[in-house]
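Note sheet for the following structure.
Chains: A, B, C and D, in written order; residue numbering restarts at 1 for each.
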């Protein structure tokens, strides 16, 4: 039996990735929901049967009995659509930042605009299964994590929990992302000639993804320095994380923290000492690869974490959340 | 002594290349002319002193006594601006397709709109110095050639003139261009994620640059098959040209046609048999590199021609034309 | 039930692609065969369980009862290994050029060395299923086609057979390939800094893949001009083919030739008039995409054909052949 | 009058860049010195007259009266050649790591081999003109700095000197380099298909360039965390540097430290608050671009520093050193 699920924003890169993944999912039938904002840009359906199209309204949700609607839309569109979709009986996985930050104040502080759905914001479950798995199955609305925070939290939280990070010295997260992370809407910043053979930093110390890391990792803003940088490539995020370790005398002890925390996790892969992740290994997969190094003399530690920003950083994790919400095996359609 | 010259459209790639070249030119002082169409997109001044800015009107041309105005603008803007600039006493080098096709009928056939300045169209000199050097020094208005036709005509016309091409079998020009040839205006087609790791053909058999090749080479449309293709790189055009040779029994004889025709030409470089041009060698130069191969048994011949689309294919050739117009050495500022 | 199949040369790009495809194949279990030439270079197993390793000898073939051995090795190694593998009871799919050219004379003319296994050469079936499907199921030894000829023959042979090509005017095939087509062995030619932002032509008029096109398409050498060119990207081949059409007055008639010939073919996709293939659509698939344009006035025609050089151009087609040899559905593991 | 200067290792990327720069230098005539190690790989002379070739021995240095010999060679070759070149009367600029680390013990600790020329090591001047300008003019042997340390020291030392860095919290330098930094010798690591669409970290916490940073900046090893990472592009280094500021309450105060220190420096460019360097702006120039950000509440500070690894990071800086050694204006041939 297949659950019918709707995709709004299927013309963007995350939306197209949802189509790609769900078209192969044994228990889901994806349907395209035609939102007015989608007008520009032709869709990308590579090697999948183009799904059926629906209107993006209550009526369509009801008549098709959609189990889940994915919102691969800007935050303001998600705030507008989520109540309607829920009201019509669907559950919602939202890929925007609209429902990630817990309180309207936090949202406004980082997104510079009021939150129009404070009750849904309070209700939303944060969809990082490795740390929030309990609340997702029962949630009506899941806030799918941002791409940078997914990698940062998977790399940092086990260490913070285990108390092996000297927070007083500060934690640095130097993040690099492929261009697809900036979305499909044409802009000078993502034009080929501006990006190729180039590299630069942006949103230094004020990126909207920072509060998601703080919220999940438990760090304070003053303890966490984050820089996002644009790689001249299509997809992938690699984060290089620096901190001072405490209470660990050997790299094996640091890696043991991860091994213990991630035992049984299907999508986290740990690297042996001396090996580090790269982007090729995670491209088009839902894996999160983690490697680490430690200088025992000085306690300086480095963790490298890699994901595909469109899969574990967006559409793949959204499907992982959907699987949990629908009582399906968590890895269904993702391996 | 420095001639003051204006640049309209300096925010685009060709305009920025004009600034780069002219900033180093010993006898020119570039000035930026602020046209209303330029509103979007910040300018690119890499490693040059930002030139002064002027309004883009008659008054500015007169008070600054501009010797030449470069129009790095769309054809419809060039048609509007050229008369005003000329009227105010400047000479004009236009980098658009507005004045390249000789007659309004020809223009309308390929650009699908009426020509609003038929008299200037008739007056304009075609600015391919290697073949039209006589008319350029005295011209008020020079139509700077398109990037594809520059390479195609430099490769083809000597052979056509020498009669070594069997025109009855047809000539094929398979052209590949870097993305900067599509201009700086953001579009999905030139977005990084759509271009990287991709390759495709466009404007098959109906590219607007075809009539320029026909006009200069002397070929008929039915004899010439042209395809433009987008390379995942910033700058450079490489054209692979196929034809059946006649009257030549050895590659040396084919190359001798070029050697004779291009003896003394400062910007055409010929390759020895067995060697072929590539894009690295012409990047950021005004050179046109040409190599050839011949199968004497069957007469099948291949010519490979490479230029930098923004230099010999646009801004460099425009400065070469300016040098001729101002009585300066043709290579000034270009070597 | 799973057939055990061996892969020699699994450290190269085609070999790694075989591992990737076969690891997901429902009826095959891939095993790695350790040949002495494989010493350099670590293998690439991305997101698949590393297969078991065997020696590369008769004993291993017999004791494991290998149904098929894939040789992703240079031609001289394939000539050495094929007899041993066959002798030990396996059937062989050879991905090199060793067994593609029909006669030792033809092989020596293009590969500049004697053929050491003329009897096997005579016995080998050419593995282009769309045209040679009858002989493959019963063959002991299948010569998997070259990447360029796969695309060229799929594009050309239906037209030649239908008589819609004016062969007297010559056919041009301008081919462009991603760098993985040059193999994994490090060389200056395939070094990143030499390739990025570059484009060039090689093996002009004398590429070893030409005789495969002639053999399958039925063209004569003097009728066919072929140039191979290196794109600055990882994978994909796009060929732009030019010819003079005869007996067809409209693009629909040209496309109808393909539609008739390829009705029911699972891996050939035809494009509607006005649309052309690109490399993104075929990447990591076994599809061959074909589009065409025609100028009815002059008969000039252009066909664009795209494949992934490592899949339909190598490993994917090899598995397609294996499926035929083992009596499995032809598309098993490939969709 | 032109000084004759020799280039050993001209087939590599740094050597080729030396040829490119010196061919345009008004007071130098470059000559190629044919060392036995150069056997593999054809040279790259793009758009310059190929210089004359000499043997690489004392006799050639003497008979041509070479003023300076550039060694763009591996450290072990530089150790062998430097004494001979000096002995024959030339002065030497060495681009390898052979003479950068002050003491044989330091060299052996990081390069894992004995130093064969300890006296020359002691004599060598470190060629970072912005900080070591006094000793360079009189030096016989200049150790040209590594690419990563050039950027790191230009970014860090003014801040360390001014006491605005809280060293107790540790300094992080996350460095990214184009592939040309890895040299021209073909290797799997720098092959196109391994690099494109990929990104990874290497030499974590143990890169040979670390001791150069420590030596010049005055930092201790335990205070400095350094990671080198390979960008999928040709040339450029960007370093993102994180530290806790002290004694500065506003970004302007941090930038004022640089402004004061670099007033009059021809090759350091400072960015206004809110702007950050990128690689396009420094490509093919000898500039070092620096931008910074500060969170006054917490003292977290970030400096971004960009250079062209082959110019300010190698050949350009080498020519800057040559200019100082020969009493020429420091910027000659570099602007």
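The rule is simple: contacts are C-beta pairs under 8 Å (C-beta built on N, C-alpha and C of every residue); 3 or more make two chains touch, one makes a residue touch a chain.
As the structure is a computational prediction, the values presented were derived from the model and not from experiment.
When you average the Cα atoms of each chain and compare centres, the chain farthest from subunit C turns out to be D.
Sharing over half of its contact pairs with B-D by residue number, the repeated interface among A-C, C-D or B-C is A-C. More C-beta pairs touch across one of A-B and A-D than the other; that pair is A-D.
As a whole-number value, the distance joining the C-alpha centres of subunit A and subunit D reads 39 Å. Look at where the CA atoms of subunit A average out and do the same for subunit B: the two points lie 46 Å apart. Annotation for subunit B: residues touching 2 or more other chains are 178, 196-197, 232-235, 280. Those residues of subunit A that touch subunit D in the complex are listed here as 169-170, 172, 174, 176, 178, 194, 196-202, 204-205, 221-222, 225, 227, 229, 231-236, 238, 240, 242, 244, 276-280, 283, 293, 295, 297-298, 300, 302, 304. Interface residues of subunit D, counted against subunit B in their complex, comprise 46-47, 196-197, 280-281, 285, 287. Residue ranges of subunit D in contact with subunit C, taken from their complex: 13, 41-42, 178-180, 184, 186-188, 190-193, 195-197, 232-235.
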